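Across the two complexes that follow, chain A remains constant while its partner is chain B and subsequently chain C.
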Partner chain A sequence: MHTIIVSNLAKSFGTVQAVADVSFTVSPGEIFGLLGPNGAGKTTTLRLMMDIFKPDAGEIAIFGGDLTLDKKRRIGYLPEERGLYKEEKLETTLLYLAQLKGVDEKTARQRLGEWLERLDLAEQRQQKIQTLSKGMQQKAQIIATLLHDPDLIIIDEPFSGLDPVNTRLVKQIFEEQRAAGKTIIMSTHQMHQVEALCNRIVLINRGRSVLYGLVNEIKRNFAGNAIVLEGQGDFSQVPGVLDVRQHNGTWEMGLQVGTDPQAVLQQLLTQPDNRITRFELAEPSLDDIFVQVVGRSNQ
Partner chain B sequence: MNTFWLVAKHEYRRMVLRRAFVLTTLLIPVGMAAVIGLAFLVGASAADKRPLGYVDHTQQLDITLWQNQPDADVELRPFSNEATAQTALENGDIQAFFVLPASYPNPRQTDLYFLEDPPNGDTWGAFDDFVRLNYVDTLDPALRQQLLDGPAVVVRDLDSGRTFSSASIINIILPFVATFIFFIATMSASGYMIQVVADEKENRTMEIMLTSLSPFQLIGGKTVGLLGVALTQLGIYGLTLVVGLLVARPYVLELQTAVIPWVYLGIMALFFLPAFALIAGIMVAIGSIVPNLQQGQQVAGLLNFLFILPIFLLAIIIENPSAPLAVAFTLFPTTAFLTVSLRWGLGSVPLWQLGTSWVILVLTAVFAVWAAARIFRIGMLQYGQPLSWKTAVAALHNS
Partner chain C sequence: MKTIWLVIKHDVAFVLRQRSFWIMTLLMPALLLGSNAYIAAQDNAPALTTPTPADQPAPPHIGLVDHANLIALVPDDLPPHLFLPFADKTNAQAALDQGDISQYVVIPADFASGGEIVIYDRGFQLLSGGDNGSVAFNGRYDWALTYLITANLTNDTQLAAVVQNPTPRATTQFHRLQPPAPADESNNLGMAIIVARVMPYLFYFLLIMGGSYMMRSVVAEKENRTVEILLLSLEPTQLMIGKIIAMSVIVAIQLVVWVGGGMLILDRAATVMQLTSFAFPPGFFVWAILFLLLGYLLFAAIMSAVGALATNAREGGQAIWILVIPLMPTLMFGQLFAEEPNHPLVIALSLFPFSSPSAMVTRLAVGAVPAWQLVVSLLALVGTTWLFIVLAGRFFKSGNLLSDTSFSWRRLASGWRG
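And then the complex of A and B:
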């Protein structure tokens, strides 16, 4: 059963169509990427899912139906506009937020101790939040998202403000949550993080889903018209190749439309002076795909 | 614990533990006690404790009657003629002396001699009591006591059956005390609510909160928490007042005979809760619409005026507690609390007005909290941008 089903979602604010037609599903045990340029409708989609806004059209099913207060307690949400009570102590605030999610104080206190230790905030537990650095506040937000042990984790730019060490730690935490069967939706602009973490993605542009599926499949689908080659020989004149670039011993070849990469490989092997040590379809980065798809859909 | 009460408890602790709250809560009663104490000390030290002399040419006054009075706290000293009395006055042995001519009480006229300042009211009154005591001494004891106590006027209201007498001074004092307390509570509550909304805006916690509880739970819990804060503040003020009254009781005869008007206090408690909820609701809505704390406080100041308007029209209400304006204020939700308090203390309020006023107040308060929760929800998601009145009304309509 899907944890989330979003079907043909639409929402406008006055004359602004924030979300026009967005659909996707998310299942337990996966990290799902919600991607899109600024103003694409990602945050509005998340707010619609969290029942902060009501949709104009479309349907949202969370844990098999409408979002009730009980179901909200099973969700950990790290919103785009985030904040904590700055004048309060870290421990007081996090305990309060966990109790609002239905965790009793004793359990919350016990879990909080473990999370503070893990995220290296134990010494700051009695400090006012406004005295913490931006990175520490971000880690505190992540604790607030996870302290009540949610089944569904919705995180908007989770690595914002974190140094590489803490970014790695937080990625590890999300991997563990996925391994534990939790459902994670992540919205971010950091494509390398999406590539590293997400199983599937949906790309939203101008309020519409323009790309949706498994990350590997998407990359494969965009990989058909280029190859990467390593070896010895003259690879500059190969039939069917549109352009050739070489750097650090690696050749990147753009193929003409309709050229079969297998035919190119056979052609290369027929030349006795050529020694091929690596031949693979060039997979574009998600970053490239993002730019390409968004550019195309804007035309 | 229920989420609603969790929010209330958290809000209460958050506000009560603030240094500003502790200071304002303690400083007001301490300051008032200090001022009253100082005034009492100054008054006590300035009072002339020297005897009051008199020359009785009627030969009718018996000083032993005065000396046998248990509450005779002013010493009276007889002189045989004006010359000896004047000598005592000039020597500073007495503060002043009266001379009763032989014809007294026809006419009822005496002469008073003093050097710089006349005797104070208590001393003067003591001499009046002494003279009166002598003239009624031969009468029947019951009649004598009645004459000494003076007339006891009791006003009975035909509608409610309530009685008012000069002995029940507490009836007169309480409406003004309640007015003061409500004034403080109104100012505090509106200030706190605006602050709470500003905190939520500034800290950008709205989305996290809205995914944990409903806007009504959030606003309702905060309102109850702040009600607790206001009641704590009022409790401390009330306790100070009770202690003050207990201290003053031995010295003020009216306080000894005063009866606590429980019905009045009960009615005021019934009106206070919805009145507080109404203030809180309005302030939350205002705080959600305006972009910052400063503008919120300005608008709140104007709206507070709607709640304390009866104070400015006190003279009209006192002169005629059943005037059309007083009735209108009784029925209008924002002015209901103070008007009912003043009218009930000074006269009576017909039951239909009381009931209608309470129902209107409760309905308005419920609507205010309901509307506030919705406007708050929309306003918080604007993140620092002002919410237009049109959007606020649309938020209510769409809900």
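And then the complex of A and C:
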């Protein structure tokens, strides 16, 4: 059963069409990437999903139906702009937010202690939030998102302000949550993080879904007719190859239309002087795909 | 219900941790304490026969022109050189002009028959009235002249001291054996004016403070973006109700500190013994609490709507000053409330729901209010408060709470209309 089903969602504010036609589903145990350029409608889509705004059209089903208050409490939300009481102590704020989610104080205190230790904030628990660094505040916000042990985790730019060590730690935490069967939706502009964490994505541009599916499939679909090759030998004269570029021992070969990469590999292996150590389809990065798709849909 | 309780607990604790709250709350009793201490200091001026301690400031020099040849004896317990004899008024005036003396006293030759003494001073003393023989002498030696004259009339310094203060070691204790008799009408009018002046300010500050705490609390959660998190844990109306109740607790704390602290301090002051004898009408405090509570709820609902529309505290603060205008007439016409509690303007203000919380309570404090007016005023206030709480609920929704659009009266008006 899908945790989230979004169908043909639309929402406008006055004359501005924030979301025009967005559809996707997300299931337990996956990290789903919600991508798009600035102003594409990602945050509005998230707020529609969380019942903060009402859609003009389309349907949303969360945990199998409409979003009730009880279901809302099963959601952990990490907004792009941090939402913490800056003049309050870290512990006070996090306990308050967890209790509002229905966690009793004793349990909340126990879990909080564990999270603070894990994210190296134990010494700061009695400090006012405004005295914490950006990275510490982001980690505090992550704790606020996870402290009530939500089934659906919605994270908007979760790595903002984090150094590489903490980024790795937070990635590991989200991997663990996924492994525990939680549903995670991640909205970010950091494409390498999407490639590392997400198994499926939807790309929204101008309020519409323009790309949707498994990350690997999407990359394969955008791979085009090119191969990457490493090894020893003369790879400049291969039948069916349109152009060849060599860079730091890696060969990139553009294939003629209709040329099967498997046929090229067999051809290369028939040459006794050739030693092939790497052969793969040249996949574009998600970053390249993002730019290409957004550029195309803007035309 | 538990969620609302959590909001109440959190918001009350948050305000109580604010230094500004305690400064505002303790300021009024502190001012009363200060003024009380000043009055007490004035009342505790040296007793008539108290010898002057050596470490006190040097006593003034007062010229003495004795045409009656009365002064032959200068008591030892008078400060030395307090009175300097002069042969005539011309010499004394010259010494006064040169600053050698601060005042001089002329005892006319016919003092024994007329009893008149003339005091000459460099400055004109507006409040002396010219009929007080002990005028000035820098305040500390008011007693000295009468003591000097009595000692010379009786030729006995001990007798003169007894005449000045017959019970030097007596202490006074008051024991109230029965309820105080009703204050006489003239005294009650004076006290009514004071009550009519104080009561609207008390209500004004309580309503304004409570309302602005409400507004600031909503705006703060918009500014720090916590409202987006909160809306995933509770309904907007739960948040609004929690905040309104929390701020009513804050107002109650302020009320207790202001009224309780104020009465505790003032009760000790002699001047306020009269105020405590001022008789509040039966049931006054029940009505006062009822009107204050409803008035608070009315203003809190309005302020919560303003807070939901404002993007920051500055915007909300500007709106508040316009919205509290209905409370102003009660402040301006305090005397009218005391002197003519049934004046048409006073009646109108005490029936109008936006001014009735302070106006009706002030009227109740200073005079009898017809029962029908009390009932009409209360019903109008209940109805208006209920209406505005419902209307405020329209503003307290996600769209407004997450909006970055600036506050405007047009938005407020269109929101009221739905």
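The rule is simple: the second predicted complex is superposed on the first by the 289 of 299 C-alpha atoms of A that agree within 3 Å, B and C clash if a C-alpha of one lies under 4 Å from a C-alpha of the other, contacts with A are read in each partner's own complex, and residues count from 1 in each chain.
Criterion: a residue touches a chain if its C-beta (ideal position, glycine included) is under 8 Å from a C-beta of that chain, and two chains touch if they have at least 3 such contacts.
Predicted model only: the values in this text are computed from it and were never measured.
Asker: After lining both complexes up on chain A, report clash or fit for chain B versus chain C.
Answerer: Chain B and chain C clash in the superposed model.
Asker: Quick check on the superposed pair: does A:81 touch chain B, chain C, both, or neither? Answer first, second, both or neither.
Answerer: Both chain B and chain C are touched by A:81.
Asker: Identify the partner contact of A:69: answer first if only chain B is touched, second if only chain C is, both if each is, neither if none is.
Answerer: A:69 sits against chain B and chain C alike.
Asker: One more residue to check, A:118. First (chain B), second (chain C), both or neither?
Answerer: neither
Asker: Considering only the listed stretches 75-83, 129-137, 147-155 or 165-173 of chain B, which one runs into chain C in the superposition?
Answerer: The answer is stretch 165-173.
Asker: Return the residues of chain A at which the contacts from chain B and from chain C coincide.
Answerer: In chain A, positions 47, 50, 52, 69, 72-73, 75, 77, 79, 81-88, 96-97, 99-101, 144 sit in both the chain B and chain C interfaces.
Asker: Okay, in this complex, where on chain A does chain C touch?
Answerer: The contact residues of chain A facing chain C are 47, 50, 52-53, 69, 72-73, 75, 77, 79, 81-88, 92, 96-97, 99-101, 144.
Asker: Of all residues in chain B, which touch chain A in the complex?
Answerer: Touch list, chain B to chain A: 1, 3, 6-7, 10, 14, 199, 202-214, 381, 383.
Asker: For chain A, which residues count as touching chain B in their complex?
Answerer: The touching residues are 47, 50-52, 69, 72-73, 75, 77, 79, 81-88, 96-97, 99-101, 144.
Asker: Residues of chain C touching chain A in their complex?
Answerer: 3, 6-7, 10, 13-14, 220, 224-235, 398-399, 402
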